[in-house]
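Some structures to go through are shown next.
You will see chain A twice below: alongside chain B first, and alongside chain C after that.
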Partner chain A sequence: MNQFTAVTQQDERGICCIDLAGYLDAHTATELESIINTVITDGCRRIVVNFADLEYISSAGLGVFMVFIESVRADGGDIKLAAMKPKVFTVFDLLGFPVLFEIYPTVEEAKQAFPSLDA
Partner chain B sequence: MTSPVSHNGIITVPATTDHLHEIREFLRARIRAAGFSEFEENGIVLAVDEACSNLIRHAYHNDPTQSVEVALVIDPDVVTVSISDTATPFDPNSAQVPDMPTYLQERRNGGLGILIMRRVMDAIDYVPCGPTTNRNMLVLTKRRTA
Partner chain C sequence: MTVFNLTTNKQQRQTLSTIFVITGIVLLVARMVVVTFWAVYGGHTLTDTFMVEVVLTIVSDLILLCVIGVVFLYYTRRISRDVSYEVLAGALTTYAISALALLLLGALLPSDVVDGIPTNILTVVTSHVLALGTFIVSIGLAGFLVWFLQMRRHERTGRYLILLTIILFGVWLLSALGSIDDLFSGLSIILVVIGSIVMLMSIKRLNWLATLTMDKKIRLLWLTTCAAFAAGLLASWHAFNNDAFVTQSAAMFVRSGAILPSAINLFGFVFFARLFFAVLASLPNSGIVDRRSSEVESLARLTRMMAETADVDTLLASVTQFALHVCRAHGAWCELYDEDGSIRVVASKNVHADYVTMLHQDRDLHRLFIESARPVLTESLADTLGADGTLPIRSVITVPLIREQRRTGTLVMFSTIEYGFEADDLQLLTAFGDTISIALDQTRLMEMAIEKERLQKEFDVARRIQSSLLPVAHPDIPSLDVAAITIPAEEIGGDYHDYVRFANGRPGVIIADVSGKGIPAALYMATLKGVVLAEMRSSHGPADLLCRANAALIGSMEKQTYITMMAVEFDAQTMTMRMARAGHTPLLLRSGTTIRTYTPKGIAIGLVPSKTFDAVTEEIEFSVAPNDIVMLTTDGVNERRDANLEEIGIEPVCDMLAGLGTATASAIIAKTLDLLNTHGNGTDQHDDITIVSMVFAGDNETTTEDERIQQIYGVLS
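What follows is the complex of A and B.
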């Protein structure tokens, strides 16, 4: 059973979008951590995580974003979160994570929130 | 007169994280069938997942030769989930939980499972192994709210 997938694509503005699908728990969180690590190692610091097809998240999943947020912001980038189902947002909200992370209704809005590289 | 349908049950899985989804699916189907709200169902499933994740990772170290047993009892207005194990006893009620504003400000990671259990469930009871049993028992209780 394939419980979790994360697919990365980079757009013409240099924004890396990671599309999540399935169930993000103590088992699958290591897979996401590895994928984000690869994205960052490859030089991307403008990251949008698309939660549209994510059905479940536990604290192990939340922890993955905590691992990287500081270093990405220190480099002038960000990890912006988008398109969460209400049941997934509830878990973020339960622990106050929206204070730390920017969460947008859509992927496009999250991408637009990055400053233009031309500026 | 017909007997009410029972949604109670027990699931036993190897103590590895790749079996967590089986516990969640076992709980979801039964809690939903018993007529609890999706919000209550999601909260109970999350709390039990956190408890089992902690047990598997920190007590059993992902050891497939060990097992986790989850028993579900659904009364009309209460869901009770009992998680039993033979690991070194650890009472989550004795654990210090993080202060979230500080936690987020300092970009900490991990250690949120017990806080989630406390925020979601109405009661957390723990009975360590003793002279009469070699199993520890963590009992999570959630009352129906609607």
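What follows is the complex of A and C.
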């Protein structure tokens, strides 16, 4: 099984990008949950999750994003999802997640979607 | 070996003993009568007529044989019992008391014997009683000696015993011949000396005496002294004091008869003296033996306790008590360290728990208690730690307690004097520590096993409850053959299916999958069932039911949990189906040989508030024809994995449906499960699996309930 990894980097605009790779299931979901939690407690409210290298996502993995979305949006931020493989997107799509989350084809597009800070 | 066979039977042995005793008494009385008439009234000496002497001797010998018989029977009865302190002490006491009583009786009774002739009837009677007493005591002693030597025998014991018997008869013979020549008397004395040496050589294997406690050894010393004194007195009395009534009685009973008790008691004296010195020699190590035996006993009791006690605190309390009992400590306590670093005193003897807590405030003492990896003896706290000289605790042994390779506590023994312990205390407590650690591990395992069993039972109950939440019977719907199954991956799961009836009276089916697995998922599943039951009769259709479910559940669900659900409604008159989907796996429709999937818009329940949910949820309608198949599944079907974690996908199921022709709803489920099992190939089911299949029929050609169940379970097993 491909090892699950999540790497966070923050750009000059204050957008945190979390690069996911491997399998996201019930076991690794808690890992991702604590990573996102750290990002948020560090003060970041503009989050892009990069799914480019994620092979698989289970129902429990989907739940993780639900935990934070409300509070992040309440603070004026957002969690945007980007670069999903078709298989991963299908899972999101079936569940109706596109109603809840903004999903972009690339990380760049997701970042661009955040309004500039001066606005 | 007839005699031995006789003696193994208790009843026969008792009968035989009684016969011996009665015969002995009758013969004794007869002998007394003969002697009375012959000596008292006749005035003859007992030896002046050969015939009379022969008759009297034969009677005496018969009486002695009776005594020997009874003694033999008595000791063969005890042959199976080994020599123990109790047996030995009992025999010594009996012997010493009877021998001394006999001597006392002999000294006190008036004797009127002139030239070997008893002068009155009283003397006849008393002399006979004394003679018989002498022989009983001596033969009894001989019996005991033989029995004892047999019990502690070595390879030459048999030969020595035969030799001793021969010597005994030799001595008697020589003594009897002593009236002819003094040479024989001299020889008899030499034989007695040889006999004593043989006796001394026969006594072996007295090591067991060393294992007796000090107390018992002291008592044994006293008893052997008494017995040796009695034996020595009896031996010398018969040998040298010819005028004594006891000696005269024995001589009148058997010619030169006094020499036999003399020799036997001399051997007895040698035996008792040997025993006395053996006990004396083992005295100095009594302290060690006492300690060792109490240590072994304690370890054995500890092991027994381990097996019986499942509760750690009780176990440690008993252990502390024991430890205190076996070493020189003045007090002890047992402390446990909890995960958070707090210290708990579970057992304290001769010290208050609060005092122990106070001791821990001293950094050095605290470190000493909690850090030692092996049992440590600190002989003087004042010297080693520079501890406060006023502390009542002066020297300690700390024994670490290990549980699952983790230091969980310490057993502390203390003495109120400096250098209050010795090295062997430490050794013993080390053994204790190891044993306790094993016990702690065992109790933990036992606790875990009990906990596991308890959980398993609760899971069983939960599984039964959950399976009762799923429909057992399939509804009778005109033009529709329907079957369904839910197989949880674990004992309980989050999949759900049910048959419903909407407000318009039309039948419907719902299928749902709670995210996650196990107990949380099962609880949500049960909640959903309640919501569905409450809402279906007022729902106007599938989409309405989903919206109502979302509205009911949205406030009470955890953020990361959601439920995907699908509802379908069937109208038999128009042969149409209405459906709505809340994030659930698509619906499959097989029509002819084509497969269609229906994925109307919809979001899973529990994610968004009613407003958004109701706006998103789409309801669609499609027509069905006879022989069409509709299948609802959960993602446990298309995500069934093989050993390489490869998912089966929905395509094999679609292919199977496309090529199926005509089949019953339950047969379709059976075939689908077949596919999944083949793909899974024995690997564990990863997610709950639910399949609902519906076959439409123009006419009502549904199978019976029993057939359906049989077909489904036939595949499962």
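In the analysis below, the second predicted complex is superposed on the first by the 117 of 119 C-alpha atoms of A that agree within 3 Å, B and C clash if a C-alpha of one lies under 4 Å from a C-alpha of the other, contacts with A are read in each partner's own complex, and residues count from 1 in each chain.
FYI, a residue touches a chain if its C-beta (ideal position, glycine included) is under 8 Å from a C-beta of that chain, and two chains touch if they have at least 3 such contacts.
Predicted model only: the values in this text are computed from it and were never measured.
J.: On the superposed three-chain arrangement, identify whether chain B or chain C touches more chain A residues.
T.: Greater contact footprint in residues on chain A: B.
J.: Does the superposition put A:Gln112 against chain B (first), chain C (second), both, or neither?
T.: Touch partners of A:Gln112: none, neither chain B nor chain C.
J.: Looking at the overlay, what does A:Gln3 touch: chain B (first), chain C (second), both, or neither?
T.: In the superposition, A:Gln3 contacts chain B only.
J.: Quick check on the superposed pair: does A:Leu94 touch chain B, chain C, both, or neither? Answer first, second, both or neither.
T.: Touch status of A:Leu94: both partners.
J.: Could you look at A:His27 and tell me whether it touches chain B, chain C, both or neither (first, second, both, neither)?
T.: first
J.: By the touch definition above, which chain A residues appear in both interfaces, chain B in one complex and chain C in the other?
T.: Residues 1, 26, 59-60, 62-63, 66-67, 70, 94-97, 99-100, which sit in both footprints.
J.: Enumerate the contact residues on chain B facing chain A in the complex.
T.: By the definition above, chain B touches chain A via 17-18, 20-21, 24, 38-39, 42, 46, 49-50, 53, 56-57, 100-101, 104, 107-110, 112-113, 115-116, 119-120.
J.: Where on chain A does chain C make contact in their complex?
T.: Contacts found on chain A: 1, 26, 29, 33, 59-60, 62-64, 66-67, 70, 94-97, 99-100.
J.: Applying the document's contact rule, which stretches of chain C touch chain A when the two form their complex?
T.: The contact residues of chain C facing chain A are 513, 515-517, 559-562, 564, 582-586, 599, 601-604, 607-608, 612, 616, 635, 645.
J.: Would you mind writing out the residues of chain A in touch with chain B in their complex?
T.: Touch list, chain A to chain B: 1, 3, 23, 25-27, 56, 58-60, 62-63, 66-67, 69-70, 87, 90-91, 94-97, 99-100.
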